[in-house]
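What follows are several structures.
One chain, subunit A, appears in both complexes that follow, with subunit B as partner in the first and subunit C in the second.
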Partner chain A sequence: MRYLTGKPGWLLLLALGLAFPFLAKNDYQLTVMSTAYIFAIATLGLNLITGYTGQYNLAHSGFMAVGAYTVGILTVDHQVPFWIAFALSGVLASALGFFIGIVSLRLKGHYFSIFTLCVGYIMFLVIEKWESLTHGTVGIIGIPAPTGIGPLAFESPRTLYYLLFFFLVLGAWIMHRIVTSLLGRTFMAIRNGDELAESLGINLMRNKLLAFMLSVFYAGLAGGLYAGFVRFLGPGLAGVEHSFDMTMYMLVGGLGTLLGPLLGALMVPWLTQYLQFLQEYRFIVFGPILIVLVIFVPHGIVGSYVAWRARRDSLAAPVPSATAASDAVEPQPKASHA
Partner chain B sequence: MLEVRNLTKRFGGLSAVSEVSTTIEQGKIHAVIGPNGAGKTTFFNLVSGVAPPTSGSIIFDGHDITNLRADQVARLGISRTFQTTALFDMATVLDNLIVGHRLRTESGLFDVLVNSTLLRHEEQLCREKAREALDFVGLSHIANRMAGDISQEERKRVAFALALSTQPKLLLLDEPAGGVNPEETEGLSELIRKLVRHDLTVCLVEHKMQMIMSLADRITVLNYGEKIAEGTPAQIRANPAVIDAYLGSEHADV
Partner chain C sequence: MDLFLQQVLNGLTLGGIYSLVALGLTLVYGILHVPNFAHGAFYMAGAFVSFHLMKMWGLNYWLAMLGSALCVAALAVLAERLVFHPLRRASGLHPMIAAIGILLFLEAGAQAIWGADFHRMQTPYTGILDLGGVTAPVQRLLIIAGAFTLMVILHLFLRKTVTGSTIIAMAQNRDGASLVGIDANKVAMLTFAISGALAAVAATLYAPINLVYPAMGNLVITKAFVIIILGGMGSVPGAIVGGLIIGFAESFGAFYISTDYKDIIAFVLLVFILSVRPQGLFTKGAT
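Presenting the complex of A and B:
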């Protein structure tokens, strides 16, 4: 197991991701995986504000829809090139996040979640009712696929898969940078407790707002990719059930770890696929699994593994007074980020 | 160093702190005592900026900090500990301490994205400060232990280390010896003396009278939010109003 953590583990995942199109039996599997990547990117964002900063945002799918509609409306109704619209999808979601964050982040704990639940629903209603802008329940049809860059064309499922994989890797890499930096430590200090963080000189509002805007930036970009990939948009994307799905991904993998939400976001959709034959009854299977997981593996799969390894390393750590074995190397446990 | 004038905090009709004036002198240990509910923690919250006072003023090192937020007060050099310290139990003690020096660093999101030399330098600096603080409180041997596994007394010392890593001038300690045994209390007293020897000023709230009497240079006694006495430990011990507040009026004429 030791060899599967840290860099080798990530490289293995990278290799698997690159090889997947050659292992997939058909385009359908590629589509399932590609969709999972899109939601994985959004989940990475949700994990920043919820897992690392401790503020559970239930409007996350609303921001994803904002990004998606940015691309949809600009490309279909205003003939804006895809990539410009795509860049705006993240920016717009972040800008909206600034204003919503300034209001909602004044609330703490559950009140923040309840407030954002309402915000998410308002976003859904606005998208559904503002027909002149969003085409209402009819949705936006005929969104162009991402235009090719140089020799790369994104027409086939395989090239689209690689495009989405590229953004997932990029997103995960940047997230890694953020959460392992002083900035990430600042966010985690806020998660541990507002009071202590503030007494350490951390400006709560500014840092929470930054985490929130970064988080919804990921959601917006994921939405933009979703629009270019699925090429049809309805208001349903803003529905809170997508936020709950992403929450499930985080819980399964492990809140506040980098790998956990990624694994969750890639595993759960496949499980859903295999339980497709049960139709809506599959929640009878999902529900109990989730409950068992939350009770017995509260830190998720990755979170539990990281905690176990960190504890083992801490017990193996040399104590100065004890006779230090000559080969005792001081371990560098990366406890908070796998 | 710290001057408090007519400080008042009212919650609705209740005055938690009422017209309290006092001065905390540089390089001294100043204790705030009083029965439960006397307003000691509220007093700390006002000084550290957690809550704004209803009226009165707080001057620290020539700055009026009356209406500053807690993070701004911390930046100016007032650090505090809490009765319970919320550590991240799944990380090591050292990991928990690194963020303590964050307020003296500048790097932001841009530095993170480009992995600037400033960021790498500051991360190194924060790590060093955390180690220094841990050394100071005598816990360098548990740097790699999980924060969730350490004892109550070690937790108290980690709280000290966290406060120290912010490079404060004034330390506010809220019940630094709460929930630890007498022997450990003596160790913590020694640590507080060591802080003062290193040019820090300490203000503490504590219930353990024996500890306070041997430690403090000056004591302020609060009762029902009002200052009823102030002076050296000997003066406080002899003050009838204090005996009255603590033991009841029938003992006051002793």
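Presenting the complex of A and C:
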């Protein structure tokens, strides 16, 4: 871990990300990776509310669609420049998150998840039926690519790749700052026990709401990037399947870790690429994988690794280095998420 | 007035189906405290198995319904054994995600076996009765009669038989039930079997006036969740009342407001009710 998830590990990942366009064999691989980055950004957001704060939000893809449609509608129907629309995509998702959060975060555990599942459905159905605004099932076609900034133009797949990579790195860095701050600790305290957190003087509602808004801000921005990158939008983006996909990314990598969701979001799409022949049947393989993971590796790759290392350290060292282990962002093995 | 009665009939039909699905969901929630997202997939599987039995094996409607109830009950028990049982001590998030895994698997499986197309299920009851100006397709009357008969049987089973009481005892207090010698495994399997069978019957009843396709369970299951939240998670009467509320809200909403948005009505109702009463309509305790 000192070598893999400490600073050198992150720098290695950064270098790999920067070098990827030169290693990729064709534009197609670049596109796959770029799409993975977009969903990785959204997954980072989902991990904040689910992994760190312990509230499983099933409307996450709905918020992503809100961001995407903000960009789509503003740029295509109202000729707003891309970057203004893009900034609005996160803001609008957050603003909507504020109102939905006020209502939904009063509910706990399963009730919150089911409520957000319904909210996600409402978003999907509204996008599908409100044709005058969203173009309904036809979708929005011809969304302009991100306009260039100064000397940088985002025309080729390679420059677009670097743009998305930039946002992913920025997003991951900000997330790192959030979860290692007092605020992040507050979120984790809420995850580990509502009542205990409250007795410590943590305002539950305000902090949950903040986590929720930050989380959907990531979703909204990811949606905005998705609109500018794919340049076509349909109501399907709001479908709950995408929330399920992101859940799988989180779970494969490790809930409540910073690296986990990133790894998951980058690995699973490549696995899907190799299982391409399965196309829409891929869930025949992924469904059972998800179940096996939940049963046998509930903390994901990163979470299990961190736990293993913590165990090994405590065996090796005469003084248990519990504080050192909890320095890293890892899930509490027996913490209740309920 | 006739139009009004027509909507009442539609409401009862929808409500009956929703109640059956919600009953299965609420029973499982009572025992395991897991929102079984895979329940909609059981519903879908029920419709497909019936469809398959009728089309390929030429069974009649009722035999197909029975066969599909047995198949889906077996499927549900299998899911309990393989997935939920190992996870019974896991935290709240993990069983939920595992249920999603089952859902994805079954949906993709159905698509692989039967294709993504829409199928129409034949019913032997195609007649239309005229009840004082209200046109009532026999299939709809059958749904109402079938659904409510099943509810009464379930109620009697839970209240009047020892086996049924063990389910209620488990739902009330898991440890207490174990102390008096109730086998938690048996009860869990039984509950899953009942829940699967109810879903299969509901799907087979409803399929002839709807369509059969792999994603058919998604909307129904989300509505069933709305229902059990309204009625209180784990409450049997709540599921029935909640089902009827949603059924009526939809049939009247479709008629008096807009057909386009009829699927949203249930969710808007939920959002509205939970905004006012976060603990649900009929529950007293904190959520």
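One rule holds in what follows: the second predicted complex is superposed on the first by the 310 of 338 C-alpha atoms of A that agree within 3 Å, B and C clash if a C-alpha of one lies under 4 Å from a C-alpha of the other, contacts with A are read in each partner's own complex, and residues count from 1 in each chain.
Here, a contact is a pair of C-beta atoms (placed from the backbone, for glycine too) under 8 Å apart; a residue touches a chain by one contact, two chains touch by 3 or more.
Quick caveat: nothing in here was measured; it's all calculated off a predicted structure.
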item	value
Partner chain(s) touched by A:Gln273 [first = subunit B, second = subunit C, both, neither]	neither
Contacts of A:Ile114 with subunit B and subunit C, given as first, second, both or neither	second
Subunit B versus subunit C as contact partner of A:Thr137, first or second or both or neither	neither
First, second, both or neither for A:Pro288, with subunit B first and subunit C second	second
Touched partner set for A:Met188, first subunit B, second subunit C, both or neither	first
Touched partner set for A:Arg177, first subunit B, second subunit C, both or neither	first
Shared contact residues on subunit A - subunit B and subunit C	335-336
Subunit C-touching residues of subunit A, taken from the complex the two chains share	50, 54, 56, 103-104, 106-111, 113-115, 117-119, 121-122, 125-126, 129, 240, 244, 247, 251, 255, 280-284, 286-291, 294-295, 298, 335-338
Contact footprint of subunit A on subunit B as seen in their complex	48, 50, 69-71, 74-75, 79-80, 82, 85-88, 90-92, 95, 98-100, 102-105, 107-109, 111-113, 115, 119, 122-123, 126, 140-141, 143-146, 149, 162-163, 166
Touch list for subunit A against partner subunit B, complex	174, 177-178, 181-183, 185-186, 188-189, 191-193, 195-196, 198-204, 210, 214, 299, 303, 306-307, 310-311, 313-314, 317, 319-321, 330-331, 333, 335-336
Residues of subunit C that touch subunit A when the two form their complex	33-35, 82-83, 86-87, 90-98, 100-109, 111-112, 116, 218-219, 222, 225-226, 229, 233, 260-261, 263-264, 267-268, 270-271, 274-275, 278, 287
